[in-house]
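Labels run A, B and C following the written order; every chain starts at residue 1.
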Amino acid sequence: MIIPRSIGTILASLAAALVLSALACLLPDNPYQRFQLVDGTLFEPLRRGYERIHFDPAPIDVAIIGPSKTLLGLSAPGIEHTLNQAGQTAHVANFSVPASGRNVEWLMLHEAYKIKSPRVIVVGVYDSPSFYGHPSFRFVAPARDLAIQPAPLLHNYFKDLAYLPARQVLLAFARVAPGLTGLRDHFDPATYANTRADFTTGSFVMEGKTINMALTVPAAVLAGQTVVEQKATLLERLTRRFVNRGDEAVYMDQIVREADAHHSRILFVFMPVYNRKGELADRARLMAHGTLLDNADISDHAEYFENWEHLNHTGATILSDRVAKAVAKLLSEPAKS
Amino acid sequence: MTADAIKHQLTDIFRDVFNDPTLEITDEMTADDVDGWDSLTHINMILGVEQGFGIRFSIKDVRAMRNVGELVQAIAKKRAN
Amino acid sequence: MLNFTSPLFFVALALVACGLYILPGRWRAAYLLVLSYGFYAMVSVRFLALMVAGSLLAYGIGIGIANARSDSARVRLMLLGVGGLLGGIVVFKIGGAWHGWLLPLGLSYYSFKLISYVIEVYWDEDSVERDLTLFLSYPAFFPQIISGPIQRSEPYFQQVRALAARRLDSAQIEEGFRLIVTGLMLKLLVGDRLATLIAGVDAAPGSFGRIDLLVTIAGYTLQLYADFAGYTNIALGIGKMLGIDGPPNFNAPFLATNIQEMWRRWHMSLTTWLTDYLFIPLTMTMRRYGLAGLLLCITINMALIGVWHGFTLNYLIFGLMHAVYFSLTMLYLRYISPPRGKKAPPEPRLRRIVRTAFGMVLTFALMSSTQIFFHSARFDQAIGILRQVFGLIPSGARSIGDIGPGAAETFVICALITVWAGCGAPGARRLSDRIAPVAPRWLQYGVGLFLLATLTPDSAGSFVYGQF
């Protein structure tokens, strides 16, 4: 059968578009501008995290990574304060970001190790971990880390990759004309100072909702809040079973490997949700790689929760205190070899 | 009324409707050939023709005419009745 | 998946188009019907039933008219058919505008197709179509279901019949592909960017300066054109891929030097429909009232163009404004404007250029003034904008550039591209041919696709005319 000329033209144009897109992925970018892509979104803490690493001269001794549970549940200044009172001068940075996905947690840790040397890594762990990648990964990860991942066919791989050419074109343009894109090429101390760093106190707006950390919520209200369980499709379950073990396991390994390579100790902090007697997932494996701080007892206390899955100021203060004590112990141990 | 006489009178109507005192009509002429010949001027032209020749067209007649030649024939037919 | 801007849709289209040409000829009409009903069923099965009911009504009426013995029976059947179909539109449009009903997908478009069919059969019994499969595929034809163009029955039936005996037409496929790519570029890269910026002004028009508000109002027209002409190109392109040429909707509307000409170039499949089935019959009926009758017909016609978009006060005002502009233009051209024509005294070149440019700008400005009502969701919003334009209420100090970084530059670039496209994209073909030795057509399309992949805004996708 002869392929008509026009079909050939169409196929050739698709191929040309693909080649151009692949070339676009190689366009250079300014990492700082990459992290500004999440400005104005729920993921803004990532940009602040980048600035904390690269532009804030203060050292980082303790790095916290995790989702909104650890963002709202652990206070970096609070932990710092407790440590200082115990006579240990340590700087704590909370790199948590709303929504689940270990890949972006690993990325922040990786970024931190570039110029800082945290000795203790605090990692939030849960009874029902998300097996998917983080929605912000496509914005902030270097092109290389999006294209070449530690395991094949991870959940968002193709979606993230499809966005990459567009992102690199935008970032390449931003390098030339930062003003037209609103992506700064220089550090702005005022913006940095005005971005919230501690979410365990006061009130703030997140996803259009005003959250007041000082409030206590009646137990009945907490109990009534719906728990959305992520349901994996058959294809996702098969892929996870036979191809890649899922983002959670893959990038948790990366986090552990990264910490080990830099001789840091890991403190796994169990962040339970309200009144659910779920068991911490993968307990044995976590304990092989670091210290586990089990906070299952908190689950029963309605007065510690802002909603069913997030602690309020009271809960966060208690948990930060526990973390500070555990961190103090780890800091006083000799460095891992 | 001969075809030539009809054309002569039709030319005047066309010049008035299309606001072009130099317009010359031919049998093959269609809406595409005249600047500003759209549905509105078309209706104006038909109404002008009806008045000028003292005839009445039906919607069917109007739709069937494809060029000036057919219009001239239609006018001749109506006048003959 | 159903959206004409979704990559998945085009993957499906490619497969579906291959299927069409692999199938034996006699199956192709049925295949188009199955595809179209399948497409519709994915949106709503209930509304599919409504479309099938309307189609069967028109089909039955058509055969009834063709078989009728008396003229009065023919008239009665025609009125029954037109009345039934119009009734459906009116009920749903009123329900939509006043009670927030969900409008059946493409109701206005497929109903107008069916009405034109019924009237055509009434005028000429030979237009009747007895092949049920072929007939049902006409209103449902999926490339035209979302927002037209409103194709007439005769050219559609002829083309589908011819399709049975046809081999794949290479040139038509490529032209279809070109239309889809350029349509997507106009819609996604230009129209949707303008839409985002206009939405930025819509959020608080009072806070913007007067000049910026005027520029935004011009933007309404530009955005609507980029959106709707982009859509039309995509729809025509999809149709071509399946071997069916549809009617054009736009013919370089921004070249129009008066409102009357504008309407010969804007949403043509709707305006020619109204001309044939409403305006001409109406003026013929009202001819004894002379000029007054004609002006009344123009008003009715334009008012209906307005409310066709929805039964709201704003759309009615949009139509009535056009009625006034249109009537004044007609009167001016007929009675005041100097005679024209090939043999009229030659006009100095400069004067002609100035007159043409003035006409184009004035026409665009008039069109945009009606867009204030077309664009605003509520009457008081439109009035608020008008009051601000005329300085009756104070304006703010913000400019379009304050909406976001690069907003002013983006607006200017998108506006220029839209004006260029709306003037018939002069030079595009020549440029394409000229660079063909260096950048062959496949590479040109490839660059277009690459731009679509990399520059489409995140918020892109829905079509303005999809709601009508």
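Quick note on the criterion: a residue touches a chain if its C-beta (ideal position, glycine included) is under 8 Å from a C-beta of that chain, and two chains touch if they have at least 3 such contacts.
None of the values given here were measured: they were computed from a predicted structure.
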Subassemblies held together by touching, subunit C left out: A | B
Centroid comparison with subunit B (C-alpha atoms), farthest chain: A
Central chain of the complex, centres being mean CA coordinates: C
By count of C-beta pairs in contact, the leading pair of chains: A-C
Intercentroid distance (Cα basis), subunit B paired with subunit A, Å: 78
Averaged-CA centre spacing for the pair subunit C and subunit A, given as whole angstrom: 47
Mean-CA-position distance for subunit C and subunit B (Å): 31
Residues of subunit C engaged with two or more neighbouring chains: none
Subunit B: positions in contact with at least two other chains: none
Complex contacts: residues of subunit C adjacent to subunit B: 123-124, 260-261, 264, 272, 275-276, 279-281, 283-284, 287, 294, 298, 330, 333-334, 337, 339-344
Subunit C - residues contacting subunit A, complex: 168, 170-171, 173-174, 177, 404-406, 409, 441-450, 453-456
Of all residues in subunit A, those that touch subunit C in their complex: 4-10, 12-17, 19-21, 24, 162, 165-166, 169-170, 177, 179-183
Parts of subunit B lying in touch with subunit C, wherever the complex brings them together: 17-23, 35-36, 38-40, 42-44, 46-47, 50, 57-60, 62-63
